[in-house]
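Take a look at these structures.
The same subunit A turns up in both complexes below, where it pairs with subunit B and then with subunit C.
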Partner chain A sequence: MKPLMLQGHERAITQIKYNREGDLLFSAAKDSKPNVWWSLNGERLGTFNGHGGVVWCLDVDWQTINLITGGGDSSCRLWDLETGKNIATIKTNSSVRTCNFSFSAYQAAYTTDKAMGHPCEVFIIDTRTIDDSISTQSPILKWEITDSKVTSMVWGTLDETIITGHETGDLIQWDLRTGKKVHSIKEHTHQINDMQLSRDGTMFITASKDQTAKLFDTSSLELLKEYKTERPVNSAALSPILDHVVLGGGQDAMEVTTTSTRQGKFDARFFHLVFEEEFGRVKGHFGPINSLAFHPDGKSYASGGEDGYVRVQSFDQSYFDYTFDYNRD
Partner chain B sequence: MPVADDIQSSWADEVEIDQGALPPPSEVVENGLKIVTEYKYDNDNKKVKIVRTYKIEKRVVSKSIAKRKTWSKFGDSANDKPGPNPATTNVSEDVYMQFITSKEESQRPDDGELDGLKPQTSSVIFKCRTCQGDHWTLSCPFMHSQLAQAKASEAAKAAEAKAPATNKYVTPFMREGGAGRGAGREPPGARRDDVAAIRISNLSNCAVEADLDDLVKGFGPVQKLYLAKEKSTGRCKGFAYVHFKFRADAAKAIQTLNGYGYDHLILNVEWSKPPQNN
Partner chain C sequence: MAKKKGDEKVNQTPQSDNEEQNFDEEPDFDDPEGFVDDIPDEELLADILEQKPKESDGYENVIVVDGCPQVGPERLEKLQSVINKIFSKFGKIVNEYYPTTENGVTTGYIFLEYNNPQNAAEAVKATNNCKLDKQHTFLVNLFTDFKKYSEIPKEWEPPSPQPFKVQSDLQWYLMDPDCYDQFLVGIGTGVALQVWQNALPEPVLLQERPNWTETYAVWSPLGTYLATFHWRGVALWAGPKFSQFQKFSHPEARFISFSPCENYIVTFSPSSDRGNDDKKLIIWDIRTGQEKRSFPPPDEYVTWPIFRWSKDDRFFARLGPDMLSVYETPGFGLLDKKSIKIPGIRDFSWSPTDNVLAYWVAEDKDVPARVTLLELPNRTETRSKNLFSVADCKIHWQKSGDYLCVKVDRYSKVKKDKNEIKYSGMYYNFEIFHMREKEIPVDSVEIKEPIQAFAWEPVGSKFSIIHGDPANICISFYQVNTGQAPTLLKKFERKPFNHLFWSPMGQFMVLANLGLTGGALEFLDTNDFTIMNVSHHYQMSGIEWDPTGRYVVTGVSSLKCKMDCGYYIWSFQGKILRRVMKEGFAQFHWRPRPPTLLSEKQQKEIKKNLKKYYSQFESKDRMRSSKASKELVAKRTEQMKKHVEYREAKTQEWNEQKPRRLELRNYVDTDGLDTDQSNTVEEVVEFFVKEEQTVIE
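Let's look at the complex of A and B:
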């Protein structure tokens, strides 16, 4: 299929996400305006104007009513999706690196960077009613993380825990009633760039700069599978319908000039979930892929790259016909 | 009489205006297709017509999605018309998934940082015609020596030997281990001296001993060399005998030189036969 090229950003894409039903695709970039697109035809629904700098993260609630974004202008913003209005702006001490609605969207979590003399902090806010009072309301819970910066985060089962991925490669599960660590593991040696839940939320996949992506159990943080590549992995996503994993990455932008320009480094790479073996690649980007997302129906996926483009690629029939050869012995 | 006011501009100006103005863009919707036609200048300042054809589809979706579809555009897209705006949305070229079989993947060497820059030392795509080495025929070090010929044929033989036996019919004579007449077989009653002797015939009349020496010295040490000459003229009679030190060298020489073109003649080389009349 011919991919759709979405050229709404002037700078590198930082994160892309579909809403629950998959009709809308959200993209955030290092320019200040997150975009929302109709995923079917790539038509742009609108832009969310208001941030004053890079937007690191975004998330949409399950009913597709509100959007939360966090950026380098030390603010976390909530938006009304129908009109694109900025409902509330939460000022923070340093830039907001990750933000996520909980499954029920009754709460949201965001984390800030360790910068400008301020520590890395995790905030849980109440988002049952979203209006401008959120800008001033104090968080339900907040705690400091002293050792290393949080670079990615997902909500755990039943909105009882959150799992943070760190700059050092640590994964920590936090209990939201107490704000204390439940589990802490270190399976990665470098920064965890991205974490994405499986469709049912029982597993999540991490993408790390140590050139691997790993699959973990959400409740016990048990390491289940490992997918190895030979380049830093910036993003990994799990197919909602097949036992497939897609990995995207490439060298850091600063290292691109010192290494070979082989196109293959910027491919989206498909691995089998269980056998941990690569079976396919899709070319397209001319820079590292920064963020990947499967459409909730599993029939297409989107990738956002350092080149500033979002590519929405529908799968051909050959993808669905492909079966992985293995010995049953 | 034409009135001066009627002439509003000279024809030259008109032409210029025509060139500057582009026809207005048009949009036609007909039988499920939307056709948008635009004009613009390309990099070479030439007028370009761009026709984009969109297929209008109807899809059945859930209520919530249908409701969202009625939302009006906002932010930087507030002024966009319905349908994708070509400024932000494009369809790029076909990209297909490349499937990788697991074997290829595991056998492939680790992607080196500078893979593409390495010279292709391991997989040479050309081969010397003379000696089968990793260089061009022109720069072959054995180019002028007969040794090379021998080498080449040896290589060819090795390759042949490696080739699996076909189930073609082979005459008993040609079969491996069959009675290879002549070559390789010691003539009965041969004198010890003649064991490594070969007879070269169909030599040119102008051949001299030095030529012959050149021809055979590549194969190994030569014990004796006899070029038959016409007594009266001193010219070559057309054949010669060469006694090698080793039989193997002689066999090699026969194999290589038999049928070898030398001085516009094709040489005939065989084992020297013992004199029949004794």
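Let's look at the complex of A and C:
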């Protein structure tokens, strides 16, 4: 089926996310205005104006009431989705690299870059009532990360832990009651660009610059599966309905201008979750894919690229009919 | 002194008897009367005696120079100065002796003594059999040799037989029941070497060794040996275990070439900082490992191989200034003891099937350039052709030796600047020699455009040329006929290719665009010129057909390109069979095969009955692939079983956590996409679909 091309950003897409129901699609880019779109037809519903630079990350709560964004203008912002108003702004010392609401959305976490003499820090804030006071409130919890920068982050199940992915390839699980490390593993050799939970939150997939994506158990951080490519992987997502994984990436943005699109390998690549075998590719972007998301119904997915476009692709019937041979008894 | 010490010791016993009485008195050191010293020196001082100078000491420093001119006393001084000049090159001469007859004339042999045996040995090595002048040849020996030679026992004792060493089967790779071919994969510069068997359904790794070579590796021309390079020399590996077969000690040898029948190997060490031995170029016997002959390095830069071999290993030839030196095996001397004088010779090439070579001679003032066919060893010129306005020539033999093509670069204008010669208005001739016809007729094809590549069909009578400007590259195919000029069979225009590769069996070819900006591929059947497949392998740096013409490999070498190194294996029709991405992938070589033992008739027979064999192979292939797919299915089943177990445990855990989840989300069930029915509010959203303006009449 013909994909929807969402053209609303002037620069490279940094992160895209669906809300829980999947009717809305949020996109952040290196321009300063995150967008929200109707996922059904790709019409733009609105923009969130306020950031003064790159927006690195965004997240929407489970009820689609608030949006949290973080950016290179050293701020983390909270927005009212009904009106699109910026209801709270938290000034930080450096760029905000990741931000996420917890399962309950009573709390949110964000991390900042190690820059301008400031260390990389993790903040947990109370988001039960969101108003201007958040800007001045001190966080529930914050801690410094001295050894390596956090480049991606997800909440564990039941608001008890968060898992951070680092530029060194380390994965660390933190207990929020104590603020201490529970597990720390190093399964990747390079930066972890993205982490996404499975639908039930029991597993998550990492996307790394070391050209692989890996599947982990959320509570034990046990390595379950590995998906190999020949290019840095920028994003990976798990299908909510099938044992499928989609990977996106491509040659480094820095080197892209020197190569043809065919050679840069900017396809979205589909792997079987269990067999780790690739079974399909979707072309379209003419730069690396920076972010991927499955629609919550599993019948379409969206990709945002360095080329500034978001593409929403619905699956054909053949995608659902395709099966791998194995004994099913 | 030593003697005295011995005496003291002997005296000790009688001395101790009188010790108490004669304490203050000086002991008597004299031997008692009648004492006989019966202990020999050897017993007492064996260690010291060993160092005692012997009469024969220094013998090894002495050399005997025979074959000197016999001169009277009046010219002795002159002779001495000549001898001194020659022999003092090897070290200081400390002593010399010119024996004379009664009337004062020297005897013709002299003795020279050097400082040390090394100098003496060197002098012998360098001057023995050297000519002083027309009548005198030095015969130089070490003085000690005389003893050696005079002591040769009269009775000849047969040498004891060597125990028989079982050689591993060198031809094992040809005995594979399925005729799978082998190939070599090199990783990095000497990081690792792998030898694979191109089995179905997937290749099998036979051997992998890290640091097997220090640079790269090559197969011998028939595939028997694998040659690796090391700082001490070159090693050959063979047999099913790839055990070391032979090694040739030649420090820093960087280039090698095999003779076509694998009897000899030439090694060349271009670096010059290796002491005084000037053996830069050595020819070895492969089976015995013996050095057959060495040559001083070439004076200037020359193209490798320096020695080119005739097809049967009988001759090898080397280009010299205005001459061609042809050597003969197994004697390794010059054929007929002299080089062939050919003024202006520029290049030569042996026929791949006969002891005939083709060479060409450049233009010189009014003498035209010339291509000549020379038969050896009788040196008959079987054919010669004069050519005019020649800038350069390239000699291309067809693999079956039926034809020879000389590509002639011709000019219409020439301009001579000081040292440079500038040609302009270039056009190109292809002179085709029909080797198998009487008197070797020559045909000519002229092309006005620049030529990119030329190649003969290895079997058959076609040749192909890539020509044209970069904007419009054409590929032309010609058929060589008897009694008439070659005919153009087909011309493809506007193709992006710069290389062409014929299948070793003929008929099929791969057209390719190699290089960093390239990657295009076309698989062609030249019987009817159908393009069987069009594909690509980006930035590929090399292509190689397997020796049977069944497979083609394209590769991106890490020596040329840092990204996406690896190789693809294709069928001859252009179907991709396998993609192997390997970091550091540097080289790929199919293991060659010797020529087939089947006669042409037998081969035709096989081709005729191909259908019969076809079904057999087909069923065999099917069985193999079904076995492989069974294995894959089994593997997947196992993986799925494990995964399902894991998921069941996780799902149970997840279900147990449900109360906590509900608590966190205000008792709204969000576990499924549609589980939260109570909160669902139907909302109607209007979208703008399109605007249309219709004029209503």
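Keep this in mind: the second predicted complex is superposed on the first by the 318 of 329 C-alpha atoms of A that agree within 3 Å, B and C clash if a C-alpha of one lies under 4 Å from a C-alpha of the other, contacts with A are read in each partner's own complex, and residues count from 1 in each chain.
We take it that a residue touches a chain if its C-beta (ideal position, glycine included) is under 8 Å from a C-beta of that chain, and two chains touch if they have at least 3 such contacts.
On a predicted model such as this, the values are computed, not experimentally measured, just so you know.
Aligning the two structures on subunit A places subunit B and subunit C in a clash.
When both complexes are overlaid on chain A, the residue A:K283 reaches subunit B alone and has no touch with subunit C.
In the superposition on chain A, A:T83 makes contact with subunit B only, while subunit C stays out of contact range. In the superposition on chain A, A:E21 makes contact with both subunit B and subunit C.
Using the contact criterion defined above for the overlaid structures, shared-chain residue A:D159 touches subunit C, although it does not reach subunit B. Contacts of A:N41 after superposition: both subunit B and subunit C are touched.
Legend: residue contacts after superposition of the two complexes on their common chain; A:Y106 is shown touching subunit C, with no touch to subunit B.
When the two complexes are overlaid on their common chain A, residue A:L4 makes contact with subunit B while staying clear of subunit C. Once chain A of one complex is fitted onto chain A of the other, the partner contacts of A:D325 extend to both subunit B and subunit C. After overlaying the two complexes on the shared chain, residue contacts for A:D200 are found with subunit C alone; subunit B is out of touch.
Contact comparison for subunit A: of subunit B and subunit C, B touches the greater number of residues. Clashing C-alpha atoms between subunit C and subunit B appear in just one of the listed stretches 217-225, 577-585, 631-639 or 667-675, and that stretch is 577-585.
In the superposition on chain A, the residues of subunit A touched by subunit B in one structure and by subunit C in the other are 21, 38, 41, 43, 230, 260, 262, 275, 325. Subunit B contributes residues 59, 61-62, 64-65, 68-69, 71, 73-78, 80, 83-85, 87-102, 105, 110-111, 113-117 to its touches with subunit A in the complex.
Listed in rising order, the residues of subunit A touching subunit B in the complex are 1-8, 21, 23-24, 33, 37-38, 40-49, 63-64, 81-85, 230, 259-260, 262, 264, 270, 275, 277-284, 311, 313, 315-316, 318-319, 322, 325.
Within the complex formed with subunit A, the residues of subunit C that make contact are 538-539, 564, 581, 629, 632-634, 636-637, 639-640, 643, 646, 650-651, 653-654, 657, 660-661, 664-665, 670-671, 673, 685, 687-688. Here subunit A touches subunit C in the complex through residues 20-22, 38, 41, 43, 62, 103-104, 106, 157-159, 200-203, 217, 224, 230, 240, 243, 260, 262-263, 273-275, 296-297, 324-327, going by the rule given at the top.
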